[in-house]
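Structures are listed in the sections that come next.
Look at the two complexes coming up: chain A is in both, with chain B in one and chain C in the other.
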Partner chain A sequence: MSEQLESGAPTFLDDYPEEAAVVKAALWSSFIALALGAVFGVIQALHRTNILRVIDSADYYTVLTAHGVLMVVSFTIFFLVGLFTWATVRSFDRGVESIRYTWTWYGLMVVGTLMAVVAILGGFVPSLDISADVLFTFYAPMQAHPLFYGGLTIFVIGTWLAGADWFWTWRAWKAENPDERIPLQGFMVLTTMLMWYLATIGIAIAVVVFLLPWSLGLFDQINPLLTRTLFWFWGHPVVYFWLMPAYLLWYTVLPTVAGGRLFSDPLARGVFVLFLLLSTPVGIHHQYVDPGIASGFKAIAMTNTMFLLLPSLLTAFTVVASVEHGARQRGGTGLFGWLRALPWRDPAFTGMMLAGLMFAAGGFSGMINAGMNINYLVHNTIWVPGHFHLTVGTAVALTFMAATYWLWPQLTNRRLYSRPIGLAQVVIWFVGMGLMSNAMHVMGLFGVPRRTAEPQYEGFEFVTSFGSITELRLQLAIGGTLLFISTVLFVSNIALSTGTPKLSGLGKPLSEPLSGAHDSPEILDNLKLWFAIAFVLVVLAYSLPLASIISRGGILGPGVDPVPMIIEPLGATLEPLVASLQPPLGRLAAVVGGVGA
Partner chain B sequence: MNIHNYEKLWLVLAMVMIIGFISTVVYGATAVGIEMVNDEGGTIDSTALEEDDRFAEPRVEQVGDNEYEAYVVARQFIFEPDPIEVPANSTLTFYVTSPDVIHGFEVVGTNANAMVIPGEVTELTVELNEPGEYGILCNEYCGGGHHTMEGKLIVHPEDEFEQGGETDE
Partner chain C sequence: MNRTSKAGILVGSGMLFIIVWEIRSALGLLVGIDTNPQLYMLLTLAIVGLTAFALAIGLIGVTPETPADEDSS
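Coming up: the complex of A and B.
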């Protein structure tokens, strides 16, 4: 197979050894978070399905907080900064301006993560007065230890400085190449970071202005709807911050791995511009069923959300077209026969393709979430984690793992320990997520809630219209276990790769697009213009809702006291009052009609 | 800029689909009458619910021929009143608020599903046509006992409601 032949080209490590060290450090941080997150994940999968309960149910929420934060903040964003450093240095073909500066932002991100993780894991030690059992969303007036908010702040500052590093490289490159188009990977990095700067305004205000001083006791009241809305101001675009590195890999690495070339550079640029414009003014779609926000604001967020489907649908086209081109280059023929000509034995290729396939499924469940009215049926049910385990949990996570199989030799000058194990790993992930996510989606339709240690209630049973809850729980648990096994295989494979012999010539240059940058209008590279439009769209989408929330509840909402989240295992005294005055009268699934006026 | 014909076709189909999705929601809102939970429930001092006419005593009240209002307090880790009881063929408006943290209010197996936020009153109207019993659960994490937070909605047959069901007044 040709992709196994060495190109003989120098690797990234050969060309940029100092930068390669930072990229490797960032990826290791990411994989450690992934491994820890997977341990917490499998504990949850077995606990909530009542198959194996090794922890107290009150501690489930500590586990859940750790799983969420480690996976979607640490794993994803550490991978992003590693990948983006590689992509920036590679595509501008110049080292960073100051390697000390680069290590500084990486160091800040590590310190921030450690602070937050200590605060979260403190929840397991009752004698310690530290805990942060507030989940990834940390909705006030639940209150975490200041260490949690402080860690988060330092982590985000680290990402800001990282972005500045890449802009710095771009400026230096531009001074020497004033008339050149921004290279595609560099363009993707810069537009993603502009989106991130805009998005993090929300979380920065929520944490630095409100939650951190409030947790330090500087004031004792808070407007929970305001901090919640600011959270989602950031909380939706952050999903594109997870996804854009995967898109970068699909657009720039996958075509090469498939043996072909990217279909269209201009379209790729257009897609990233659309994400910059539309990622942020949509966050209120997480708040469709919130009180205190007028329907009109929700409708605006929904409209923007639906248009946000466009860049992903365009991506589906371009990626499949590029892969087909690769297959035909490799001798594939026929309407679908070309699929056989693809390098399915390569874990990097197969992993990214399976991730893309899962993303299509996740896209469809996302369209349902985005529908304002049908969202009533699935809001905060386990359908929602079913959805995002397809998107961030597979489209992003599996792409990252698969791409690592391709990238790792170029950062280390060592071959991967085992390609067959890599191939098995990506397939096990796909199967495991297929089972787990399917079970979650189906249970969600029957009303089973998310974020719940024991979704087994005393006063009622969930009614299924097909299958049984027991069978679905089993499916979820098997899927979760497979995902855990897959993670162990991945991390072990990478760890063992540090012991394979050093080789030279493992470099793999990326192919050039079929339709290059010069086919696209220059205005696409006008970053100031796109940022300005994105900013205006955010102001339009958020100024009135935020003004309304503040005028209703006050900037520090009256009458809401902090509720510190230090969880003690609960006694029987807090069991709910379950009154069953009448014998069950039977159930009809759809008696409660529309939520009519 | 050179865009392939297949690409143009795909772009058009994608736009048609997006506009189709938006249209279905607009149709649902205007023709079917599915309203969103919105800002009409008003605000409340969540530290002083006991001084509020509606929430000092969580209860169900009849406000019209077949119209009922339920004033519900969702707190760590119970719903009050519990159970909520109404006759069939009625319209029930829930007013739900919280004195402590954010909760969820979900009538299991239905599309009655909303967030409950301290300082805000969630207003949600449902039509209850058939008798039956429904679980109510909190679907937003609210603390260590979150998984025990449940309640019940009992829709009595109309002819049995006066005799057996009403317990609040």
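Coming up: the complex of A and C.
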């Protein structure tokens, strides 16, 4: 491989060594979470398929919670804060205002993560009175140890402060450049954080006002539908919090890696504005089967969700157009012949392209999930994890890993340990996810449930229209194993890269868009306006459903007991029921007996 | 002779494998054809293997378009 790796340009580390240290720390935190999450992931995949069982089924939810939280909270968001710090500093071409402040929010995020992880892993130690087997979807009636909620709160506060850090940098830049348009990467960072501030209102209220006091014993009961609704107020936009950094990479790094230029800066800005406006007022589409929310509110959420397809489709067009431009710059010709001229042996490029391809498939299965009627077919089946392993599990995760191959040398002044291993790693991820996700989607259509250690249901056979459940389980297990191998290759490759010799000139400047910021209306940069509209949309989407839930159930009622609480209360509930049913059943038996005689 | 880079063969093989294997699900779910899983897997691997081999020896494939592609095999 003799492709020119050195541009001769200074790297991010050369220009901003203090900020590069924070970015590296955040990325390492992300990769550690990824590695741990992958271990729990493969344990889970092999356990529920009954291929290999190294844990007791009673511990399954501890494993599932650890996998979910480590992957979609720690891995993704630590990567995001690292990437956004890089993007902010790079695009405004100035360091952060206070590196001590930057380390503070990073430290808070680490502390929060450790608290939550200790609470989760405490579930493995029965003698400890600590557990948080509440899954990533940690709404009531599932109850965790206060340490878990406290950790999440501190983690989210860390992200708020991180956002404030990037806004601070922007304000300082703007004071010196009052007439300049916000650089594209900076714009993407700021709009994403505005969306995050809006979205986290829901989870902040759910955790701080309800779940944490409830777990501390300050309340006997809380309204489960209210906490579910507040969770999903945040739970859907958090998907875009994972995705928008991937979009940032697709818009600003991928065209450069492909040898071209972004097709349209204005279109990219428009897409991020649309995400800010539309990401939050859609969460009720996760609650189509929840009683207590009127169908009309669900229909509104469905309509809003379908609008969200627009920015994704715009992105598909813009990114493919930009990549095609790169291919033609590299000498590609023909209607499809240009595809041959792309740098497929660059793991950064190939990984991001494969991630985008899988995202298209995830978008289609997402449309099924978002459809109010057809959702009933797949709700709570393993189809749903099949879907989000394509979106966050590939579009986001694979893009982050691929982008690391591009970014890491600029943060360390060291070459990647092995680009061929990197290429193999992204292809293995693609194949592994293709197998696992396909099996999950198909099994979901056959009714196989999600979130269970024992989907075998002894004495019950799922009816398949082709093949067998055994075959699909095997396919899921093979896919999950390949994903684990891919993760090991990725983390090892990055770890081994720390031992490669130091070099200079590894900087890789980003190309300028074909259609720049000045081609777009200035109103796109009016962040206050877009935030205000986004806020109004959220108020419109949520005020009536929340008022309805509270007026019927009360702020803290009707309430349910926390789980686990199955056996004793169930017996206590059934006893009077059985007693009350005895007389009519006796009469019925007498009548039936009389007829029979 | 046409030559395809090792990277191209690797990436293409991965994609071809997924596409051919998922056609089995499509046949089963959409058309109701229940193909034999073992036979279908062997067929999938054969298609991918033969395609990769044919690309590697230059039997099929494309002419490298850029100098960067030339040196990758």
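Assume the second predicted complex is superposed on the first by the 557 of 597 C-alpha atoms of A that agree within 3 Å, B and C clash if a C-alpha of one lies under 4 Å from a C-alpha of the other, contacts with A are read in each partner's own complex, and residues count from 1 in each chain.
Rule of thumb we're sticking to: a residue touches a chain if its C-beta (ideal position, glycine included) is under 8 Å from a C-beta of that chain, and two chains touch if they have at least 3 such contacts.
Note that the structure is predicted; figures quoted are calculated from it, not measured.
Asker: Which partner does A:340 contact after superposing on A: first (chain B), second (chain C), both, neither?
Answerer: second
Asker: Between chain B and chain C, whom does A:176 touch in the aligned arrangement: first, second, both, or neither?
Answerer: Touch partners of A:176: none, neither chain B nor chain C.
Asker: Now for A:522: first (chain B), second (chain C), both, or neither, which partner does it touch?
Answerer: neither
Asker: Please name the chain, chain B or chain C, that touches the greater number of residues in chain A.
Answerer: Per-residue touch count on chain A favours B.
Asker: Look at A:467 in the shared chain and tell me whether it touches chain B only, chain C only, both, or neither; answer first, second, both or neither.
Answerer: second
Asker: Spell out the residues on chain C that touch chain A in their complex, using ranges where they run on.
Answerer: Contact set of chain C toward chain A: 5-8, 10-11, 14-15, 17-18, 21-22, 24-25, 27-29, 32-35, 37, 62, 65-66, 68-69, 71-72.
Asker: Please give the residue numbers of chain A that touch chain B in the complex, ascending.
Answerer: For chain A paired with chain B, touching residues are 57-58, 60-61, 64, 133, 135, 139, 141-142, 223-225, 228, 263-264, 266-267, 287-295, 298-299, 302-303, 306-307, 309-310, 313-314, 317-318, 321, 367, 370-373, 376-377, 379-381, 446-447, 449-455, 457-463, 515, 519-521, 548, 552-553, 557-561, 563, 565, 567-570, 574-582, 584-597.
Asker: Note which residues of chain A are touching chain C in the complex, please.
Answerer: Touching chain C: residues 1-3, 330-333, 337, 340-341, 343-345, 350, 354, 423-424, 427-428, 430-431, 434-435, 438, 441-442, 445, 464-468, 471 of chain A.
Asker: What does chain B use to touch chain A in their complex?
Answerer: Spelled out, the residues of chain B in touch with chain A are 1-4, 6-7, 10-11, 14-15, 17-18, 21-22, 24-25, 28-29, 32-39, 41, 43-48, 76-78, 82-83, 85, 91, 100-102, 104, 106-135, 137-152, 154-157, 164-165, 167.
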